[in-house]
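Starting off with a structure, shown below.
First chain written, first letter: the chains are A, B, C and D, and each begins at residue 1.
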Amino acid sequence: MIEERLVLKKTAIEKINELAAALMEMGTLIAPVQEAVGANFKTIENPQEVSLDFYNTVLSPKFVFFPQTENFLSYQIAKPFTNAEPVELAITPVFLFGVRPCDTRSFAILDRHFEASSIVDPYWRKRRENATIFGYAFALDTPPDNADFYSMLGIHAADTEGSDIFMVRNDGELLLKSITSKGEQLLSELTLLQETSSDDENYYTEYLARGREYKTRTLCLEQETAAGKFEEIFYNNDFWGKTASACLSCGICTFVCPTCYCFDICDETMFKKGTRRRVWDSCMFTDFTLEASGHNPRTNVFQRLRQKVCHKYSYSPRKYDVISCVGCGRCVRSCPVNIDIYSIVSSALKI
Amino acid sequence: MNGKSCCGDIETAGDKMTGFHEIEERLKSEAFRLLQAGEVSVVLAYGKGTDERHPVPFAALTTADVENIVFNEHCTHNMARYLLRYPSGTKIAVALKGVDSRAVVVLIQEGKINRDNLVILGIPTNSMRNQQNGQIIDARTTCGIANPVLFDILLGEEVHEATVASPYDVLAPYEAMDEDARWNFWKTELDRCIRCYACRKACPMCYCDPCFIDVTKPRWANKSPQLAGNLMYHLTRFQHLAGRCVDCGECSRVCPVAIPLYLFHKKVAKDCEEMFQQTAGMRIEDKPVIVDFRVEDSDKILE
Amino acid sequence: MDFEPKILGIACNWCTYTGADLAGTTRLKYPQNLRVIRVMCTSRINPSFIIRAFQLGADGVLIGGCHPGDCHYNTGNLYARRRLAVTKKILNFAGLEAKRLRVEWISASEGNKFAEVVREFTAQIRNLGPQTKFKISP
Amino acid sequence: MIANNPYMPVLVEIADVINEVDTNDIKTFRLIFLNREDEAKFVYRPGQFAELSIYGKGESPIGIASSPTQQGYLEFTVQRAGSLVPGLVTGALHDLGAGARIGIRGPLGNSWPVEQLENKNIVVVGGGFAFTTLRSLINYMLDEKNRSRFGQITVIYGARSPGLLLYKEELTAWEKRGDINTVITVDKGNESWQGREGFVPSVCKEVAPSPDNAVAVICGPPIMIKFTLPVFFDLGFSRQNILTSLEMRMKCGIGKCGRCNVGSKYVCTDGPVFSLAELDDLPHDF
């Protein structure tokens, strides 16, 4: 069985900087660093910056595969014709280090969207193919943040799905287990890692089992029920009006969300030179659906919030057979007015 | 501190302030009374959130909703933000802390709301806490005014001690910097902006539709979050808020990348006060300084 | 290489622009670093124009209007005075040298003053050196 | 180099610009591919759209007004947007003349379901500027190779005034043909207008097309749709047999950018053509 071939290695926590340095030799390392606002994923320039002492990052790691701006083509405005050239996507191997299980799940959800139907998004795919993901289990000895609800979405605190290598902390040590063959090969190349004993093996297996028992706030949610429920209450303006009465209609929730993917395509010109690029957009913005005719189907705040929630819990299950929310709690933590999507879902289910 | 607190001791002299619990009770009873008597059709206050630390701005429409109203040290949101959501003519009761009331004063000055349609439930307090970091919100990040400047019903005793002498003290190190150092500071700060526009959406004074930054003709700034566009957005926003910003600090509290916008707003407010001898949002008879002039304004202000 | 400042002039139609004309017709010499945009009144000047000018590479911005009290529209320049004062403070707090923005009241008959101001301002900007902070590199 | 990048436009040249209306804000652009390979790849069906792009301004999704039976060129009829929202692309396009080059990305979206329409009687109802992809469908059906595949064709087309009717020469040609019943109406005529006056819904009532083995294809401004649909329900058309084309703000056109999301559908890939029955299943959010 494949199971037998999987590799488990380890390193001391104080030596992750050496691991970071080794990865930087092999490609681009993107890992959590502590900033004034909290932890965030950054392209590492100094291996000392890497820190695994965080709960979760403020911004989600989706930007690694879906950057806030992605250049499509560049052009030079000229007479008689403006010429355009595609912008090449410079590709180096990327190591995405320290991703929490809910976020690794988000990549799989976005895969379904960006690689859906007959049209594959080439930028997403190229960036995905070039990345090796180091998943990182949540700490099980401390209680989860109040905002999190990944248990509701069937994600465990030590869920290995979506990782190439999965990391578990054991006191002063970090265990690294290969999940895919890509991860396995990388682990064998990283010679600075130590071999593990059967105790480590047992600890790892037990940690995964304990991770299944570890619960954030949760409720029983069937994908089908949720999708049906939100279809049913779509026209319940009373509910949506109340839900959105505090919403400011800013874009934070969608920008920090690991599964929000809406974007705009803009031509940005300066001194006759320009770039056509895609830029994150948000369904919470007023002009998101403003048509050239002046018609805007979503002029009210509640319509936009409804779109966001229904998109995640109803439209996505219907289209891609998956709820596009991972319960990472980022939108709840970042919301200026403390709107809680978990409460919206739970009160919707009670209607 | 005779009210209930969920975050340990308060280091300011807040003990003379009416307790949060008491204010909450009075807020509830006033809301109930106003709604029952039909004096207002909505009460804007705070409601229960995920936990005590995360209350939600809440609109009570019926007496049954009143049960949900809370007030504690984390109810930092500026409820003036929500006033313009209701059709003009709606009778609204709104819970306002000191600085929030200044925002309402500006909105009245600008003819956006009618004083006659408002019942202001004033809340004197100097012990609010930032939800993100738990710190006391005082004159270091806001104007620090504890007592509402405009109210119909006061829900507690007026508070008279200030923790920091002037709301502009915090500017000193930045004003002392030379231009290059200040540019480097703001460049680093504004470079982080991801243009989620939470600052303008949380701002009680930002009500333009469409906002200048969303306009496509002329396109003032690119949509992608690069320094040039961020600079255009923020500097123009500071200009648009000059003489109107009441220094409630909400823009900085909501920023997901922690840009200290309040510093800039404070600086502009301070300059406006010095140049035009008027503080924003103190008296409804005033006119915001930027839409006003005096023939005897000195040309010195241009130097 | 010698630094030749690029200066944007924004002149009000009724006073400063006519003053500039007068400076031209009376053959007064002033530096060629100024490029003038005519607006109907100084109160037409959106502060974003000034930020934009610096972003597009202006080393200095010179704004000229009627003397207070002489505005063709009675009060336009009085509003503009307050507004531009704030703009100047904002630019300066952001880290731009305050001297790079100058507002002058120059009437239609003050061709001499116009030439003098342009000379003085150009020299001042030349001393300050190129404006690189706001400028967007192409 | 990304091969077959769906975000990359190909170049076309404007061969001709036809001013369609007397208000000068609707023009038809005839486009010719600069590259033969691009042309060979651009295989489309009536009802599809494409993203026209002008570098420096952006992209705009526009319905294809020509029919695939018309070889060698593409036609797009474009209204200059700008009364409420400044139309950057359409404005720039209107300023271009023959010889200019623009980019095109497509064909995109589904199409009028021509296989489904075979052997059926077709009632085409159009109002104002929304006639473009209907014209594509009509010309497709009228092509001599295709005409026998369809039953009776009835076209009811209305505009606010005679000067606002699109494709005037073609309309005249259709009126002369025996294999298509063309009914043209204007809300208000002028001195030289000899034809019919009246709103589209009431004209539909007069013409009273039979619902037997028939499909109605309706496109027009929302107000026209609102009053025309009841007429067709009264005539006995079922919701499955009424087709329309949705308008929604779009950017990518390939189901990625999320902008045109309505319910579980993306208007750009699952639409823009929907039957009323399909629209009933979607939340009314468009």
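Keep in mind that, in the parts below, a contact is a pair of C-beta atoms (placed from the backbone, for glycine too) under 8 Å apart; a residue touches a chain by one contact, two chains touch by 3 or more.
Please read all numbers here as calculations on a predicted model, not as lab measurements.
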Subunit D and subunit C - chains in contact with each: A, B
Based on the averaged CA atom positions, which chain is farthest from subunit B? D
When I count C-beta pairs in contact, which pair ends up with more: B-C or A-C? B-C
From the mean C-alpha coordinate of subunit B to that of subunit C, what's the distance rounded to whole Å? 35
CA centroids of subunit A and subunit C: separation to the nearest Å works out as 49
Distance from the CA centroid of subunit A to that of subunit B, rounded to the nearest Å? 33
Which integer distance in Å separates the CA centroid of subunit A from that of subunit D? 40
Could you check subunit B for residues that touch two or more other chains and list them? none
When you check subunit D against every other chain, which residues touch at least two of them? 85
Could you list which residues of subunit C touch at least two other chains? 136
Okay, what are all the chain pairs that touch? A-B, A-C, A-D, B-C, B-D
Write out the stretch or stretches of subunit D touching subunit B in their complex. 85-86, 88
Okay, in this complex, where on subunit C does subunit A touch? 136, 138
Per the contact definition, I'd like the list of subunit A residues that touch subunit D in the complex. 72-73, 75, 77, 80-82, 84, 86, 88-89, 113-114, 116-117, 119, 121-123, 126, 231, 234-235, 261-267, 269, 274, 276, 278, 281, 283, 288-295, 297-298, 303, 307, 310-311, 314-316, 318-319
Where on subunit A does subunit B make contact in their complex? 36-37, 58-59, 68-69, 146-147, 245-246, 248-252, 255-256, 264, 266, 268, 277, 279, 281-282, 285-287, 301, 332, 334, 336-340, 342-343
Subunit D residues touching subunit A - in the complex, by the definition given at the top: 1-2, 4-9, 53, 55-60, 81, 83-85, 87, 90, 99-101, 103, 222, 247-249, 251-252, 254-259, 261, 263-265, 269, 283-286
